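You will see two complexes here that share chain A, one where it goes with chain B and one where it goes with chain C.
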Partner chain A sequence: MRETIAELLEIDVASVRGEQLLREDLGMDSLTSLELLSTLSREMKVDLEMEDAMEIVTVDDTVRFVERHLAC
Partner chain B sequence: MDLEPAVETEHLVAEVDRVLGVEVDALENDRRGTLPRRLLDATRALGLFGVSIPSEHGGLGLDLVPTCRLVAAIARHDRSLATCVGLHAGLGATPLVNLGTEAQRATWLPKLASGETIASFAATEVGAGSDLSSIATSFEAHDDRFLVRGEKQYVTNGALAGLVTVLARERGSRGGYALLAVPLPQAEVQIGAEEKKLGLRASSTTSLGFEGARGERLGAPGGGLHHAYEALAVGRTVLSAGCVGTARRALDATLAHVTHRRQFRRAIGEFGASRAHVSAMAARLFAMEALVDHVAGRDHGALGSPSVVAKVFCSEGANEITDRALQLHGAMGVLEDMGIALLARDCRVTRIFEGANDVLLVHLGSEVLARGEAPRWHTTGHRSDDALAERWEVAAGVLVTVRQRVKESLGVRAVERQDCLQALARAYVGLAAASCAIARAHVDADLAEHAAKTAIDEALSQLAKLQRGDARVELERAITDDLYARGRHWVWPSAPRSPRKIPLA
Partner chain C sequence: MKRALVIGATGFLGLNVVDALQARGVAVRATWRKKSITVFAQKRRPEWRLAELDDLAAMEDAMRGCDVVFFAAGHYPRYSLDARAAIERGRADVRAVCTAAMRAEVPRVIYTSSIGTLDGSVEGPVNEDDRTPEPPLESVYRATKWAMEEEVDVALARGLDVVTILPGACLGPWDVRLGTTGVLVALLNHALPWWVDGVVNVADVRDVANAHVAAAEMAPRGARYCFGGHATTMRVLFEQMCARWALPFPAEELDASSARERADAEEREAAPRRGRVPMPRELVDLVTWGRRVDSSRAALELGVVARDHWTTLEDARRWLERMGHVPKTLPNTMPTTVPSTMPTTVPKTMRASRAEGASDEVDERGRSSATCARDDRGAVGDRRRVGAG
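After this line comes the complex of A and B, so read on.
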C-alpha cells in the first residue's frame, strides 16, 4: 500500500509512514484521493464508490480500507 | 465622510480612473519593462495597496467585492499595475491577514497597507507548477525560528517585494507543509533577473533563491497546503477581476473604433459581422462581471470551486474579447502603438498562472463528479428572466443526468478520464456563468439573454459530447503515442505521386 501511495505521489517509499495524513502531510487533494481510490479499484478488481474517499484520512486508514475490502 | 460601501467603492473607482488616466502610460511601461516609481507612489497615495488590509492596521478594509472592482479599474489602465496590486492585495496579504498572529499583523500590515512594503507569494518551482504538493523547498524549525531553503520560480513582485509568503515543506519529521512569511531583503535570499515575458512586462517576475532564509510560520503546523489553496482562491478571484478590466478596455477601444472607422461607405460597426463580434464581447463581459461579483461575495472559506469557475471563465473570456477586438481593428490591431496587441499579450498568461485552466478543469470536474449539483447561483423573481431561468433548469437537468451516467458507467475510475472531467467542468462553468447572467437580467435583459444563451449552449455542447461518447480520445492517444515515439523525425507528408509524368514546358 505504501508503494502505491509513493508511486502515485512520486515520492520515496521510505518517506511514507502509517500515521501520516494524506492531505496535510502528503499533499493529496480531492482529485489525488480519488485517483488513489481508482488505482485501488483497479488493483483489487473491486468496484469502489467515490464516497469511500471520505473514509481515508491517513496512510493507515488506506491499509485498513484495503484489508476490509479484500476480506469481503 | 462616511459613505455606504457601494457608494464609497464608486467614489474610489472614479478617483482611480481620474488619477491613473493621467499617470499611466501602459505602452511605455510595457516598453521599459517596469512600473515607474512615480506611478507606484501615485498608487500608494490612492491607498490601493491597502484595499484588503483591515482598517485598524491602516488599510481600506474592503471586502473582496470592492477589492475586485478596484483591481478591474486599475486593469483598465495598466494590467501590469493591476497584477502588482492584485497580487499584493490577494495572494500576498491574505495569508497574513487571515493567519497572522497579533504581533505579525501589527508588524507587517501597516507597511503593506501604505505600500511601503509590497507583498509577494512564492509557491511555484521548477518541478512544481500546477502540482504544488510536489514542492522541494523546505524549512527547518529552530524553536520559534524557521530557516527556508530552496528555489521558487515565476514570483510576481519578486524584485519589488519586502515580504514574501513561501510555501515550504518541513525537512524530516512528517514532512508537513507550511506557509512562511519571509522578510526581504536579507542576505540569504537571492533575487533572480527579471524574466522576459510575452505580456505583463512591466510587472516584476523573478526567481527567488532561499539559502537558510529566516521566516515566520503563518497559521497552524501542517496546514500550509490548505492555507495556500485558500489564498490561491482569493488570488484567482482577484485575477478574474483583472480580466474584467482588460476586457472592458478592449470593448471600449473597439466601440470607439468601429463607430468611426468607415469602409464601403459605412461605419464598420454597422455591418452584421461586426455587430456579432461586438455583441458577443459585451455579453461575455456582462457575464464575467456578474460572475466575479457573485464569487467575490462569498465567504473566503467557500471560494474554492467558485474561484476556479471565475478564473476559467474570465481568463478565457478576456482572451476571447481581446482577440475579437484585435480582429475588428484589422491590420491596425497588430500595431503595438494601438494598444490592442498589448491587451491581448497581457491577458494570455491568465489562462496559465494561478492554476493552468486545463488542470483546474480536471480538478473541478472531479468535484462535479463527486457532488453532482448544478450551480444554481441565481434566484428567480424577475419576469424578464423567466424564460432564461427555464432554459437554465433544462440544461442543469442534463448536467445532473449525464454526470450520473458517467458515474454509473465508469465508477471511481472516471477520475482517470480527463476528457470526461473537463467536459463536466466546462458544462458546470457555462451553467454558473449563465446563472450569474440571469441574476443580472434586471440590469440589462438583452445582454443577460445573449450571455446566458451562449453559456448554456456551450454547456449543452460539452454534455452532448459526453453523452455520445467521443471516440477521439483513442485517436488522440494513438496520434500522440506515435508522435512521442518518433520525436523529431517528423516529415511533411508527401502528396500522392502522380501516376504519369507531366512534361515540362
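After this line comes the complex of A and C, so read on.
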C-alpha cells in the first residue's frame, strides 16, 4: 500500500509512513484521492463509493480499509 | 451500432457518452490508463482495456470488433503556458488514434473538438462551416484544438470515416477533474477572485453526449456539428446564479487584456504544484472570443437540442455537493429541475421546426430567445433562498 501511495504521489516510498495524514502530510489532493480509490477498487475488484474515501485519512487508514474489504 | 469503444470513458464527457450508449443498449468497451480515475466508470461495467493513446498495438486491439470509436480524450492543455508542446501533443494524440482506427478497420470515429476552432471574425452566430483558416495562435487552447482538427482532416483524406462534434463549455454531472465546472465551484464557494465578460455557450454534457451517439448513427462521413447549448454572457450567467442561489456577485471584473495576463500569472504559479485555477486561460480565451454558436445543424440532422440551462446548472451543483466540492444546500423550497418545454431528442417530424426555434439568439440581457420564456417563468424561484449549508 505504501508503494501504491508513493507511486500516485510520485514520491519516494521511504518517505511514506503509517501515521501520516494523506492530505496534510503527503499533499494528496481530491483528484489523487480519487486515483487512490480507483486503484483500490481495481486491485480489490470491488465497487467503492465516494463516501468510502471520506474515512481514509492516514496511510494506516488505507491499509485498514483494504484489510476490511478483503475480509468481506 | 452494437459495440462501441469509448476512449476517455473515465472522464467528464466520456462517462456521459457511456451512459448515453448504454441507455441505447450498446455494449461499451473502454480504455483506461494507469492513473485513470476508474472508480466512477467501473460501476457502468464496461469491458476494460488498458491502453495509452500512444500504444498503437493496445489501442488497435481495443478498437477491433467495435462499430464506432468515440475519441473523447483528445489533449486538453491544463495550462496555456507552452503552445508548442500543447500543439505537438494534441497532434500526436489524434494521429495515434486515427492510425490505430485505420489499422483496426473501424467503420467510424466520433471525434470531440471544440467551438474554439471556429472563426471569431465573421458576423453573426458562428456555425460548423466557420472554421478559422489560420491557427488562432493568440490562444494555446484554441490553437491546439485547431491543429488537432487539421490532423483529423489528414485522416479523412486517408480514408478514415470521422465525424466531429464541437461542443461549447460543458457543464453537468461527472466533471471528475473539474474542467469548466471549476468556475462554478469557485462561485459557489465565494472564491472567484475575478472574472471577465463575454459570450459563453453553456452546453449540458448529457446533450453533448447524446449528440455524439446520434452522430455515430446518423451523420454523413466527414460531417461536423456544433453544440453550443445555451448562449448567454458571463455577466448574465453570474447574475442569474447569484440571484437564484443567494451568492455574492464576484467583485473584480477585468478587461480582456488584464484577464489574460492574470490567468497566465495564476497558471504559472499553479503549474509547479499541478494546481487548478478558478479562471483558466482557456476559459478567458473562449469567453473573450465571445461568439454565439448556431447549433441548428445538430438539432436538424441529429435531433438533439439543448435542455434548459437551469437543469444543467442544478444537476452540476448537486453533483459537486455529492463530491464535497461545495457546501450542501438546505432542503429546497423550489423545484431544482425546471421542466423543459423542449425534449432533448426531438422526434423526426418536429426537427425542422424545432431547429428553426432553437436559434439561441442572445437578447439585450444576453438571454437566448429559445429560453427566455422558461427563464422568466423561473423568476419567482430566483428570488427564493436556496440556503448554503
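Rule of thumb we're sticking to: the second predicted complex is superposed on the first by the 72 of 72 C-alpha atoms of A that agree within 3 Å, B and C clash if a C-alpha of one lies under 4 Å from a C-alpha of the other, contacts with A are read in each partner's own complex, and residues count from 1 in each chain.
One rule holds in what follows: a contact is a pair of C-beta atoms (placed from the backbone, for glycine too) under 8 Å apart; a residue touches a chain by one contact, two chains touch by 3 or more.
Keep in mind the model is a prediction, meaning the values are calculated, not measured.
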| item | value |
| --- | --- |
| Partner chain(s) touched by A:9 [first = chain B, second = chain C, both, neither] | first |
| Which partner reaches more residues of chain A (counting touched residues only), chain B or chain C | B |
| Touched partner set for A:48, first chain B, second chain C, both or neither | both |
| First (chain B), second (chain C), both or neither touched by A:26 | first |
| Touched partner set for A:17, first chain B, second chain C, both or neither | first |
| Which of chain B and chain C A:35 touches, first, second, both or neither | both |
| First (chain B), second (chain C), both or neither touched by A:67 | neither |
| Interface residues of chain A shared between complexes with chain B and chain C | 30-31, 34-35, 37-38, 41-42, 47-48, 50 |
| Complex contacts: residues of chain A adjacent to chain C | 8, 30-31, 34-35, 37-38, 41-42, 47-48, 50, 54 |
| Chain B to chain A touching residues, read off their complex | 132-134, 174-177, 222-223, 225-226, 229, 362-363, 366-367, 369-370, 407, 411-413, 415-416 |
| For the chain C and chain A complex, residues of the former touching the latter | 10, 35-39, 42-43, 176-177, 322-325 |
| Parts of chain A lying in touch with chain B, wherever the complex brings them together | 9-10, 15, 17, 19-21, 23-32, 34-35, 37-38, 41-42, 47-50, 52-53 |
